[in-house]
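Labels A, B and C are assigned to the chains in the order they are written; within every chain, residues are numbered from 1.
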């Protein structure tokens, strides 16, 4: 048929044209190929081992500038430091988690990390089905986990407590604020720790620093981890009510809160990662960051699996094991306050001080 | 301006009498369902769109492949290296795409299950299209389906089969009511359905979030915004390795076809969709048709929601609807708003989605590629003129017929 | 200027719209182009005016072959065109409209309105057009708006003026005035190509008549040729111009309208206190210039427009509040004036359109299910009975010719028992052969005892069909007269002379049809 022939011709012409485009993009290609090697050049890559570490994101995807991304960094670090191969699938919707884990299993992954509580059911089901694969799940723990599933959780209330104390001690207006991405435990645990830190300061110093955005039960939420404008709007409102330190726990949406802080020239505290690295343009308004080292936990779980040391014992990131921490304090912080924070940290590690 | 009513009949002179040979226009616009030959241009256009999308996709695969890019740097010295690397990358990606989606019975089952909600929601959008309504609200309608089917599924205690049926009906009815409300608003107040469905999507998302913050929808002992999965007694049983929902999706497609082509209601839907004024003059109740059209569209979206909740046994979460509601629009567009076309487009998208995961898992191709393929296919289908230009299927300028319009004569 | 068209051909795909057309327009000649709708007149003019490229052939101006890439070239060559639908900006003045597109400016982009006004005044007095350059277009009657279009063309120094169906929108008086203007233009050396399908006008003003049929010039005739001869040339066979009808056998009053008033959404009273009655077995013709309330009257009769006051009775029963569905079910047949808008669904097949308002009856559906066999039989029968020229019953109606589209609508409405037939512009845009057929059917329906209401802006049609004539002006019925009333008298009524009001000034009467 004539049409068929025409289409065939067109397709081959298109292919040729595209190939021609490819030639012209020579220079860009050079850049593109050299960039990744430059970025991963710091430690010398470890020797390749016959072990495949894999990861499934939740529907946020690995580029979420939040816990998917940090977890993904952990797998990348494992590849660099331990020499393991990697495989990954980004989920597009909640109903495909099971299929996505299966797809990785069929690729011969030895260890699979799933990110987020939404994957809890699917991970458990897959673990029961594939006993020879080690599963770890970020931000989730089972009451009774099978032998090949490890929950990775973080006592972020501990470092948030320190952040709360720091905020209260730094505040001049006597008002500080926090806001969350969604009213879920993995978010409110930060806010609750922060609240207790503020209270601790009030008790110790007989002060009356007010906390906006969280009262222990309910608070201010963006209901969205993506939309910066929502984070900004809530933070602006808090600053309007006198808050001079804001603590957003809302993933990328929290960047809006940093912008609000910058605009109003007040302080802020970043969450999950060291803001002076991940959001460097806001470093000058940051007192510190409440770091949740998911990348470290993920890498450790992969290492354990590689070295046949894997167990179903829940990993709990604490101040003690460095799974949670405060990033370096800003230079603006009084040395007295800094010392006090260090003291509180020791008390928490020793068990003398308990954060609920 | 001129009080004379323009003769709007788009019957330019070249279409003088019925017995004269007509220009291509009429044949391209409307495929006669009984005449397979009339489908050919549509089929060819779609096939070309898919082929072009795959070619562009192949280019992207090469450009995102490390080995191929490295070889590109010394293309002129060792051209074979580049082409080998490029071919490897394309082959491994596309073979993973095919193997991962239809390579085995198991994969095929996954594809069918992934396609089922797309087909149902796509049918809802198609049906609304035919009634002249642009239903952007499949997402919101699905959310209401989730809430109803899910609640019945994990809260009530009923015997198997009955439990499933009740949950299924609950999901369908909830979607229908939410869709019907949009139709009612349009019929009563003239509120444009594009605006209301978009707003209703936001509204539904907020309601879902609110429900998931309440104990009634949360898992016992957990404060996460995640419901329990529905009870086993409420799940779709399996039919030949796929859940019953897949069968329901195909039945729904058959039902929509019958409704549109063989029933008085479908006659009204299509008439109103094509020319509401003439329909009103012919005694049809246009308001009723809008309401019923959206009601049915919502019911189909509700059916789609049960595929996830009762079929995959997924828990309710704020992101459960994902992109299905919007992909449904694309599926309907690609399927030319016909039931058969919607089914085929839904299957294609289901395969791309499942195969896309396989590409990521085995070939390391970014997930975006599957999405880019979907987008490109739709782009080329939605821009038939572009594809026609590429294939030179029509050499005569279509502009000339446009000019001749409205010249009385 | 001498304009020659030599072997001009235009093909669309495999279809030939114009087949090797030869015409010569001598300077100062009124050359009539006569042809049915769809004969190819507009395609030819589109090529002359640079809107379409000829497939073959030549346009020769004063012995020089020319090609027109766009209307701009055609205008530069001295060709002007007055479209059937005017291209004027309603809120601009006459002068502003005339200078539109090539504004006279005085440095720095300041518009020179004075110069434009002068141009208008000069052309107006030279050709006796009586147009005030400062009047706003929206305030002017249609006939004057048309003259503004003519001035626009003349201001570009047009030597050949194409008038595309210029009389379709005019009252009989305005038509006479236009004829006078055409003669004046001719006297001063402007050639005119006058496109029409109305035989009387051709004979009244033409110097030479060329007849186009199916894309070919089938002959030329002097203006002395008889109307029958011209009609035969146009249609290609003998046609009967006068409808044979027996005297009406008038029965009971079937439809009565009392004090009907309709206010449109903008607050204008478009129908004012109208009282009418239609009796079984007679044709009531409603004459009037377009936009004087006829549209609202027929829509109110069917229930598409809710009257604000007054009553409509069918066989004594009050149907004022009925919607279209009840009205149709009660036995009103309805042929809308704009068939593509209200009469059929263009994407639907002939078969489907033939049951557009019948699908819900027992004959064509059972429960929810359509009865395909019955629908098919109905389509085959109607297509045969009404001689609908279509490739197949599956063909979408939009691809039929205007005449056949109208036959589909008429066939559908006549395929059920009627008490009243309301037909608005039943033959607008329909070829002569179909007009003859539709008129016969309307008379046959009358003879079955149906009350028939015909709304037409064509007086010829009213005369051909009506047993009584009601004339509407400015939303009122200004007179009900017998069919023997002279044309001039009805013309005066149409212009509002009988209503005791001033001449139409546009505002209130301009209603979207």
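Here is the rule we go by: contacts are C-beta pairs under 8 Å (C-beta built on N, C-alpha and C of every residue); 3 or more make two chains touch, one makes a residue touch a chain.
This is a predicted model, so every value here is computed, not measured.
Distance from each chain's C-alpha mean to the overall C-alpha mean is smallest for B. When C-beta pairs in contact are tallied for each pair of chains, B-C comes out on top. If you average the Cα atoms of chain A and of chain B, the two centres end up 34 Å apart. Taking each chain's centre as the mean of its C-alpha atoms, chain A lies 72 Å from chain C.
The centroid of the Cα atoms in chain B and the matching centroid in chain C are 44 Å apart. Interface of chain B with chain A (complex): residues 44, 47-48, 51-52, 55-56, 58-59, 62-63, 66, 69-70, 72-73, 75, 100, 110, 114, 117, 206, 209, 213, 222-226, 229, 308, 312, 314-315, 317-324, 353-354, 357-358, 360-362, 364, 367, 371, 390-393.
Against chain C, in their complex, chain B makes its touches with residues 1-26, 29-30, 32, 34-35, 262-265, 267-268, 270-271, 274-275, 277-285, 396, 400-401, 403-404, 406-409. By the touch rule above, chain C contacts chain B in their complex via residues 12-15, 17, 37-43, 45-46, 51-53, 83-86, 88, 90, 137-138, 142, 145, 164-165, 168-169, 195, 214-215, 289-291, 302, 304, 323-325, 327-329, 334, 336-348, 352, 356-357, 359-360, 365, 368-370, 372, 388-391, 394-396, 398-405, 428-429, 509-511, 513. On chain A, the positions that touch chain B within their shared complex are 3, 6-7, 10-11, 14-15, 18, 21-23, 25-26, 29-30, 32-33, 36, 54, 58-59, 61, 87-90, 92-96, 98-100, 103-104, 106-107, 117-118, 120-121, 182-186, 188, 223.
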